[in-house]
Amino acid sequence: MSAVEATADARGGALNDWLRERISHALSEFTAATALVVLFVALSFASPYFLTADNLFNIGAQTAVIAIIAAAQTMVIITRGIDLSVGSVAALAGVAGAMVVRDLGFPLLAATAVAIGVGALAGLLNGLLVTVARIPPFIATLGTMSVGRGLVFIMTGAVGVYGLPRSFQLLGNGEIIGIPFAVVITVLVAVGVAFLLSQTRFGQYTYAMGSNLEAARRSGIAVGRNLTYVYVLAGVLVGLGGMIAASRVNSGQPNYGISLELDVIAAAVIGGASLFGGQGRIVGTIIGAFLIALVRNGAVLLDISIHYQQVIVGLIIWAAVYFDQYRRRRLESRG
Amino acid sequence: MATAATATAENDKPAAGDPPVLEARGIVKRFGHVEALRGADFTVGKGEVVALIGDNGAGKSTLIKTLSGVHAPDEGEIRVGGRPVHFATPVDARRAGVETVYQDLAVADDLSVAANLYLGREILRSGPLGRLGLLDKRAMRQGAAAALAELGVRIPRVTTPIAMLSGGQRQCVAVARAIIWATNVVILDEPTAALGVVQTGRVLDVVRRARDAGMSVVLVSHNMPQVLEIADRVEVLRLGRRAARLRADEVTTDDLVAAMTGSSGAERD
Amino acid sequence: GGVEVRDGGDGASKDASGPLKLAVVPKAVGADYWNTVKAGAECAAQRAGDVTVQWDGVTTETDVEGQVNLIQNFVTKKVDGIVYAATDSSALAPATDQALAAKIPVAMIDSGTSPQPSGVPLFATDNRASATEAAKLLATELGPGNHQVALVEFQPGSQTNTERVDGFKAGLAQFPNLKLVGQQPSRSDVNEARRVTENILTANPNLAGIFAANEPSVLGAAQAIQAAGKSGKVVIIGWDAAPDEVAGLRSGQISALVVQNPFKMGYFGVDKMVKHLRDKAPLASADTGVTFVTKKNIDSAEIKAVLEPSCANPPVQ
Amino acid sequence: MSAVEATADARGGALNDWLRERISHALSEFTAATALVVLFVALSFASPYFLTADNLFNIGAQTAVIAIIAAAQTMVIITRGIDLSVGSVAALAGVAGAMVVRDLGFPLLAATAVAIGVGALAGLLNGLLVTVARIPPFIATLGTMSVGRGLVFIMTGAVGVYGLPRSFQLLGNGEIIGIPFAVVITVLVAVGVAFLLSQTRFGQYTYAMGSNLEAARRSGIAVGRNLTYVYVLAGVLVGLGGMIAASRVNSGQPNYGISLELDVIAAAVIGGASLFGGQGRIVGTIIGAFLIALVRNGAVLLDISIHYQQVIVGLIIWAAVYFDQYRRRRLESRG
Amino acid sequence: MATAATATAENDKPAAGDPPVLEARGIVKRFGHVEALRGADFTVGKGEVVALIGDNGAGKSTLIKTLSGVHAPDEGEIRVGGRPVHFATPVDARRAGVETVYQDLAVADDLSVAANLYLGREILRSGPLGRLGLLDKRAMRQGAAAALAELGVRIPRVTTPIAMLSGGQRQCVAVARAIIWATNVVILDEPTAALGVVQTGRVLDVVRRARDAGMSVVLVSHNMPQVLEIADRVEVLRLGRRAARLRADEVTTDDLVAAMTGSSGAERD
């Protein structure tokens, strides 16, 4: 009897299942998205400057780097890891990209490749530290954060990399049919990573490793290799983000990204990722990143000083996660 | 009593001429100060259902984890089809066709039932998309539903995350997973402990069918009537060593209990 | 193809007769120095009448991107004019361009951009030259003979820091009898400044002089020296003029302070901007000057005006 | 038979057990302690100034605040939590302590009580956010970090609190029979917290909650209340630490403690705490704190630039945790 | 079939005049879309051993968690000694003398065996030190060793962290904990699932002794012979509702299976 039910469920219910899955996923981004919409509407009324093409353009460009790096962070968090080195590595990548342009005359594309390469190397280092040396991710990436920042300073002699051609700004300040180039890249990255996580075997493994590493190992997943891939891929995105950031300010900044890790982790968690692994989606993370950016933008438009901004950002982070937790409890009321 | 293990050492060879499908010799495994296995031996022949029994803490699960590549033994060797092998990871054991249901049910709580059943062996889309690693989720859902139906498991939906299942439902998923994939040996560490009467019956049916299809089965269980019902042979582990090897049709529950607790040095085979 | 570098939209021309709203952006909020800039800006706004100053900044001087975003947001908000101190000369240049493209005039204070557009004035002191001067002051204070000196910088990688460090080292180069034996950053944290100074003192028991390059660095260094019982034995040349620094100067812990005129920067920035908006007066750069304050000149009237600036007696002539 | 064994084990083996437990605990701090000793000896040879009373005195005083706050962090980490707000709260407490002295003429003791009270309130807030609002600790304390820093700036107008009487320096700069007062306080705090964790019911609950919160709850432990106590107690120590820091520089510094959380978490993890809860000891944490302090001290004595210092600190963090993990694997070789 | 539950509604009162020690009426519990309990009833009288049986996923563990304060029911009420109670937390249930062994063994992996046995009820030092919360670790070690000895458990040392124990050893610790502390009702959710033959025997002995001492016992088990051996009464849960109430001495294993799977609407008592 139960057998019949189960089968019927699978056949007739395939579409049904699919729908339910979609809805439940949509719901899980519900709170953060609601918060985003509410804030958006509120700001539109509160400030005449908010709902202008220029401002939305700026918000998009300002959030691009954070969103890309937050996507990278989300992948790592899903595996039950954490990457504290994102700020240092982004600075390292941006500085490296700027230096090869200034000193070696690389074209922009090649410089971007160098930046991405630097990010990938740092990611590989993180991955090997976690999988081969078996150092917990928090410590492995804390070390990379420190070492990376030191290297940036050594490379640059603690002076920004200036004297770049105007073309260097393309990535960060360019636009395509009126849309900031950085936003286009962000959308591509977000869609790509979301697809990877939800539709491919690699994504499945990522969730599995974060949910129960031992089970993943016993299921024959090469956890060392796959975990390393996750860190490398995260590094690639961080490198790209660092390059865009450098392009935005038309220079390689050795101090870029200090405490960036907190912002991107906050974006991921606001978007529903769990620091205990196995949970998290890119849509949520992107919403989280924009939520934080909107608060910052709105605060300036409404003439709120930086001090009060910090208080407000804290309150919003609390509120977003509180309502999300509350909704989940209502929905699942798990033991 | 304690000498029973050494006494068996001589007639370690199985009766038949074929080399055993899976064999452990003199396995020692230590955890810090605790010596979980102290020279354990174990043998499974082709098409045989062997029950591995022993008191709590005797070392059964540890032996099984050694046989399936989860633990590397400190001493001793493992042979498959007579040839010594070295299982560095569970993947090696799976490649040799050894599929295991662990007592601590290695399932990923956040993944769905279907995803867990296919974990590590996902069905990919056909064509170039598949080579990119794209999952065929629908095929996996249908396959999972069919496999669970065969075990008579009632599960809300195959897309439910494992975290939401009852104890028995979780175990059903783990058993189903091993049974789908086994080709050579399937090892079941207390597979029916949390199962209902009907589901237990189904698992035992599946074990019989596996044997009839030429597979070998290792079954760990504390349920002596069940052991006597299903097993061809029984191996008894005590204090990390093999204490006895018995033919199931020649012994009673009391004999088994005696062998496990060491209150009898009797040794048959 | 369709990709091009954005220069900002075309802003509407301003109606300059009505009330004015100016954004004044320091490098970072959170130091006595920038609060004096703020006081100067507000003083000028008050004197001009019908001018509001929106004061906002990032929290650390190294948050260059944050400042770029901030300036962009002010451009979006269409303030009438922007007065700001660039955390990074090159990185902020595009932001200034965006503002100008939106027809919002810009005045720089404290630190400009490079390139500095022709219509954008800079009201600042020359950090490099002043730091060179500080090295000379240190040499004079120590007198002839060989001496070991140390440098407590604040934030490696920030532009002002680089200028002061470079200027100081250039000054030292003229005095072969002074040897730089330690250089450590305070990260603009007094506790950190104290810690590194203590460790420098341990490693160099014969240390004779310290140049500390900003307010927290000076305070931490002075405390470390006092705790080591070497007050007066180790010469400190400091920068800025927070109340505790002035007190240290009076008590002899600190030999001299390089004092800029932040009040004047803020005042000039707003004052000239308002005149530009209302009277179409052209904007021209000006050096706001530094003062070297020692125990001897500390009570003179002109120094007093710089140290305790007030709108009643602004140090702006 | 087994029954007899078990009983014999308990009776005759009581002392034995005790010894084994001691030894195994000692071993668990082994790596960090070894690293500390090695570094100590190396520095003694490398710098003639290292092994002087003055320098050791300085190291002690410099590390006091970090060690106290790291002890607080360790308690929180054992419960599977994390406290990112320590830096902001320490600054808030120090500034509050300084302000009541300057503006209201409070005596030092009363000011210290105020600072501790501020810390306790912040801890209470963290605790309630985690237990009542059920916000994950990372996010709850990230919010407190942001709000706390904003409040400090609002309170002080972003200017340090100066003009304090000399007596204000007692906590940070005073000494007792030649030992820095701050060191004495640190020792008292460390011994007290270690005792609390290892010998009392509250300590037992702390480990239990971190190990399996649901089990603790079902065992009848009032987990909400106990978890809140842990955060409050941590806040008390952070407040005390912030006051000592303010006293050391004789002023309330609104910028104090930025990224302090990373240092203290690193100290706890180097000392053997697990970010996944249930594990960690104060001795280890204190050793970890001193390890980091020694590196920093040695780097200045040897005139290593800050850039290389960052690289070295990163390498040492990796090395300490790597060897610790390696030793544990050897010792336990758990599945 | 599905009407069996409603049919029982009328004769819900136990035969004796005493009000039941613990009673659940019309409990509904939902998890998201899943309705785990759909109006479940359950009764235990004083000094009675009641077996609660049902298929995997029938809702047994959920019912038990409701009875012991872990889950708050969405509908329905719980009565202790005839009076309606509201268990907001497990502490409330424990205060009412209800002690539970959960199927998912709520133990703290990092704590020692002794610490787990006494979790939430630590022995404190006597005198003022005790009032400060100082633990008497030695007393707890000795008490733990004695309690485990009674169950015949072989555990390396009572200071071993639970993480290092075998599956059966872990379960022994959980059972020992409940049995030490129970005063009124002890609820055992599949307590012998992972236990060896000897340990299972001991647990059943303990259950009998508890009943003889006037306590009531609720036992969840999938082992029908065991249920018939130890229980006075059997209540059957099916699809989240009570499907039958049976006297153990009047039924056979087949009757129980029929009641669980719903292939017979028969109802006795």
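Should a chain be cited, it is by its letter among A, B, C, D and E, assigned in written order, with residues numbered from 1 in that chain.
The criterion applied here is as follows: a contact is a pair of C-beta atoms (placed from the backbone, for glycine too) under 8 Å apart; a residue touches a chain by one contact, two chains touch by 3 or more.
What you are looking at is a predicted structure, and each value in this text was computed from that prediction instead of being measured.
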| item | value |
| --- | --- |
| Graph separation of chain A and chain C (steps between touching chains) | 1 |
| Chain whose mean Cα position lies farthest from chain E | C |
| Interchain centroid distance [CA atoms averaged], chain B/chain C, Å | 73 |
| Chain B and chain D, separation of their C-alpha mean positions in angstrom | 47 |
| Distance between chain centroids, defined by C-alpha means - chain A, chain B (Å) | 42 |
| Where chain A touches two or more other chains, by residue | 2, 153, 158, 214, 258, 306-307, 310, 332, 334-335 |
| Multi-partner residues of chain B (each touching 2 or more other chains) | 31-32, 55, 70, 153-155, 164, 261 |
| Junction residues of chain C - those touching two or more other chains | 29, 59-60, 156 |
| In the complex with chain E, residue positions of chain D that touch it | 2-7, 9-11, 13-14, 17, 20-21, 199-202, 204, 207-208, 210-212, 214-222, 277-279, 334 |
| Chain A to chain C touching residues, read off their complex | 47, 49, 52-55, 58, 62, 65, 153, 156, 158-160, 162-164, 166-167, 169-170, 173-177, 180-181, 245, 248-251, 253-256, 258, 296-297, 300-301, 303, 305-307, 310 |
| Interfacial residue positions of chain B with respect to chain E in the complex | 31-34, 54-58, 60-62, 103-104, 153-156, 164-169, 172, 190, 193-200, 222-225, 256-257, 260-261 |
| Complex interface listing, chain D residues touching chain A | 84, 129, 133-136, 138-140, 142-151, 153-154, 158, 214, 258-259, 262, 265-266, 269-270, 274-276, 306-315, 317-318, 321-322, 325-326, 329, 335 |
| Touch list for chain B against partner chain A, complex | 68, 70, 89-91, 94, 100, 102, 106-111, 115, 119-122, 124, 132-135, 138, 141-142, 144-146, 148-150, 152-155, 157-159, 163-164 |
